[in-house]
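In the two complexes below, subunit A is the common chain; its partner is subunit B in one and subunit C in the other.
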Partner chain A sequence: MMRHSVIITPDHVIVDGNPLMHNEKGSVLLTELYRNNIGDYPKFFKMDTLSKLGFIASELLLNAEGNRSFEPREDRAVILFNRHASLQADTAYQATIQDPDNFFPSPAAFVYTLPNIVTGEIAIRNKYFGETSFIVIDDYDEKIIMENLKNAFQDPMTTSIIGGWVDCSDEEHFEAKIFLIEKEN
Partner chain B sequence: MDELIYTLKQQIIEALNLEDMKPEDIDDNASLFGEGLGLDSIDALELIVMMEKNYGIKLKDPTQGKEIFKSVAVMADFIAKNRTK
Partner chain C sequence: MIVCVAHNIISPLGVTTADNYAAVKSGRSALKRYDGLWGLPEPFVASLLDRDAYADDRQTIDEKIVIDSVSRALEGAGIDTTWTRVLFIISTTKGNVFLLDKRANAFPQERGRLGMMAREVTRHFGNPNEPIVVSNACISGVCAQIEAMRYLESGAYDYVIVCGVDVQSAFIVSGFQSFKALSPDECKPFDANRQGLNLGDAAATIVFTKKDKVGDNEWVACRGAIRNDANHISGPSRTGEGSYRALKVALGDMEPEKLAFINAHGTATSYNDEMESIAIERAGLAGVPVNSLKGYYGHTMGAAGVLETIISMQAVDDHNILGTRGFDTLGVTHPLDVSNQNRATEKRAFIKLLSGFGGCNAALLMAKGGLR
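What follows is the complex of A and B.
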């Protein structure tokens, strides 16, 4: 059963079907959302755009759920999907090693060169010790996404999932459609 | 030395994405790790890269970082004595 949903694009933010007011667009929008709705997690500024997007979307989702406790739990999974994997972070890292005369590989850029880092960021923030998965597919496909989430509930430990689409091709092009679903008895 | 310390603070803020922080917010003698700026192990690696990129200093032994990154003042002193650019 779907409990809450969040959609973020470079110029729209929708929480549970209701538009969230904002002034900025593109990558600056994510910073605005952080400052207006979160503001106590400076690690945000170190993240790549994919992680920023997934982090902000999950924060809005969990704020909509309410009663945030940050107590460790194993019954909630984080299962996300996208098309571009960690392309923006890969490109940013490549830029640090592209020029043989200016070859300074950035450790901070390198650590984000895997898409599943975003699921880890969400799990670390919320102390989730359940399943975390990131699956790269050709395009947004609700059928594939829902089938995978349904399968995840076969694990008896999992009673709820933060799941959905978190995609980013560069700093200005991104889309998150995530939701919180609970296991149906 | 004061100028180097100020420049170094600017470079640390930029390299580590310490948003909302100004050079004036960083105490010359405050610990960079742990309770000071609260930097982590990835930040330490980034500082090593930053020293090589901006000052031509290659740390042969990464464990040296523990001593060098004690504070901005210690770091500036090390850079002043070992810089090649």
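What follows is the complex of A and C.
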């Protein structure tokens, strides 16, 4: 059963069907959302765009759920999907090795060249020891996503999932459409 | 029960499962030192396929070895890949990432997307379904098998073809070098003098189906779990949190005495092997033999979980606990039963364990003839 939902694009933010007011667009929008709605997690500024997007979307989602306790739990999974994997971070890392005369591979950039890092960022923030997973499909397909999430409840401990689409091709082009779903008895 | 009906490994050690297992059993490794390869300023040790043997301007080497591996796995299996009830799941961390280096190739940029790479594979096999790509760092190969188990358990498909693949490139090697994670020599899993990991190329395929009755000699994927450390994106938990929890779920109510071995991640980095020793002891499995295959193949990333599961099934079929190549003196703080020699076993089950960046961990229990 779907409990809450968040949509973020470069010019729209919608929480549980209601538009959230904001002034900025694009990459600056993510920073504005962080300052207005979170503010106490400076690790945000180290993240790549995909992680920033997924982190902000999950924070808005969990604020909508309410009663945030940050107590460790193993019954909640984080399972996200997208099209471009970690392309923005991959492009940024490639720039550090492209020129043989200016070859300075950056470990801080390299660590984000995996799409599942965003699921780890959300797990760390919320102390979720449950399942985290990242799946790439070349087009957004709600049927594939919902079937996959329903399957994930086969895990003996998972009772709720932060799931959905978190995609970005570069710092200015992104789309998050995530939700909180609970296991049906 | 979810049963393995076919498999294949393409690696520098061979293009069939049998060749690969024979090579590993005899102690052969494909690890070699490369100096100046791909213009990289630092030398490195890796297990690499012959790039020229796969050169083509229509398909990348990743796509070619996936297609080759799946084709060989399906030989004689009687599975029509054009059926709507056959699903492809690809496990990869970086796929065609080398396409980002525009000097390197003439392929369209979109082929760098993992979903496009996977579609090239399903197009080849005439499969009508959208392929699922699991990209969950180094645990992808076990995650993909867990996904396959779930799709079959739900009844949505009759066969799931899981193929894990990664091919090394300047992108990946320089990244691990920048992390100071690579060993200057052949890696030494769980050893006191381990200095880091080696990387490797491979594609490996497992085909699963669901059966009500299972024969004594059929391999069953019993239980799997994925758990997060909730600790750090690039360093494992000091308490082995995610691996411990994944192990607990995968083991379930099975007695540890029934396990032939745990095939660990065993990358030979200081932190990984230490963390695994903590997790294995916490899960009450310190008495079970532990091995790592990284000394034969290096770390094959998206292929590792699939490749190492197949080699482990072959080892149990052969009543053998494979030795951990490169290991000499135990160098983790929690006692583990590791050996560099092959050892005999009559047990019929094992656990495959993996962990990766993003704090993710996965464990899978495989049993010959199922749980009984």
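List of remarks:
The criterion applied here is as follows: the second predicted complex is superposed on the first by the 185 of 185 C-alpha atoms of A that agree within 3 Å, B and C clash if a C-alpha of one lies under 4 Å from a C-alpha of the other, contacts with A are read in each partner's own complex, and residues count from 1 in each chain.
FYI, a residue touches a chain if its C-beta (ideal position, glycine included) is under 8 Å from a C-beta of that chain, and two chains touch if they have at least 3 such contacts.
Keep in mind the model is a prediction, meaning the values are calculated, not measured.
Considered on the superposed subunit A, subunit B and subunit C are sterically compatible, since they fit side by side.
Of the two partner chains placed around the shared chain by superposition, subunit C is the only one that A:Ala123 touches, whereas subunit B remains out of contact.
Once the two complexes are laid over each other on the shared chain, residue contacts for A:Lys183 go to neither subunit B nor subunit C. Residue contacts after overlaying the shared chain place A:Phe45 against subunit B, while subunit C stays out of touching range. In the superposition on chain A, A:His173 contacts neither subunit B nor subunit C. Once the two complexes are overlaid on the shared chain, A:Val111 sits against subunit B and subunit C alike. Legend: residue contacts after superposition of the two complexes on their common chain; A:His22 is shown touching neither subunit B nor subunit C. Of the two partners, subunit B and subunit C, it is C that touches more residues of subunit A.
Taking every C-alpha of subunit B against every C-alpha of subunit C after the fit on chain A, the minimum distance is 7 Å.
When the two complexes are laid over each other on chain A, subunit A has residues 105-107, 111 in contact with both subunit B and subunit C.
If you check the complex, the residues on subunit A that touch subunit B are 42, 45-46, 104-108, 111. Listed in rising order, the residues of subunit C touching subunit A in the complex are 39, 41, 93-95, 97, 100-101, 112-116, 118-119, 130-137, 143, 147, 149-151, 153-154, 156, 170-171, 174-180, 225-234, 241-242, 245, 249, 356-360. Contacts from subunit A toward subunit C in the complex involve residues 72, 74, 78, 83-85, 87, 90-91, 93-94, 97-98, 100, 103, 105-107, 110-111, 113-117, 119-121, 123-124, 126-139, 141, 144, 147-148, 150-152, 154-157. By the touch rule above, subunit B contacts subunit A in their complex via residues 15-20, 42-43, 45-46, 49, 52-53.
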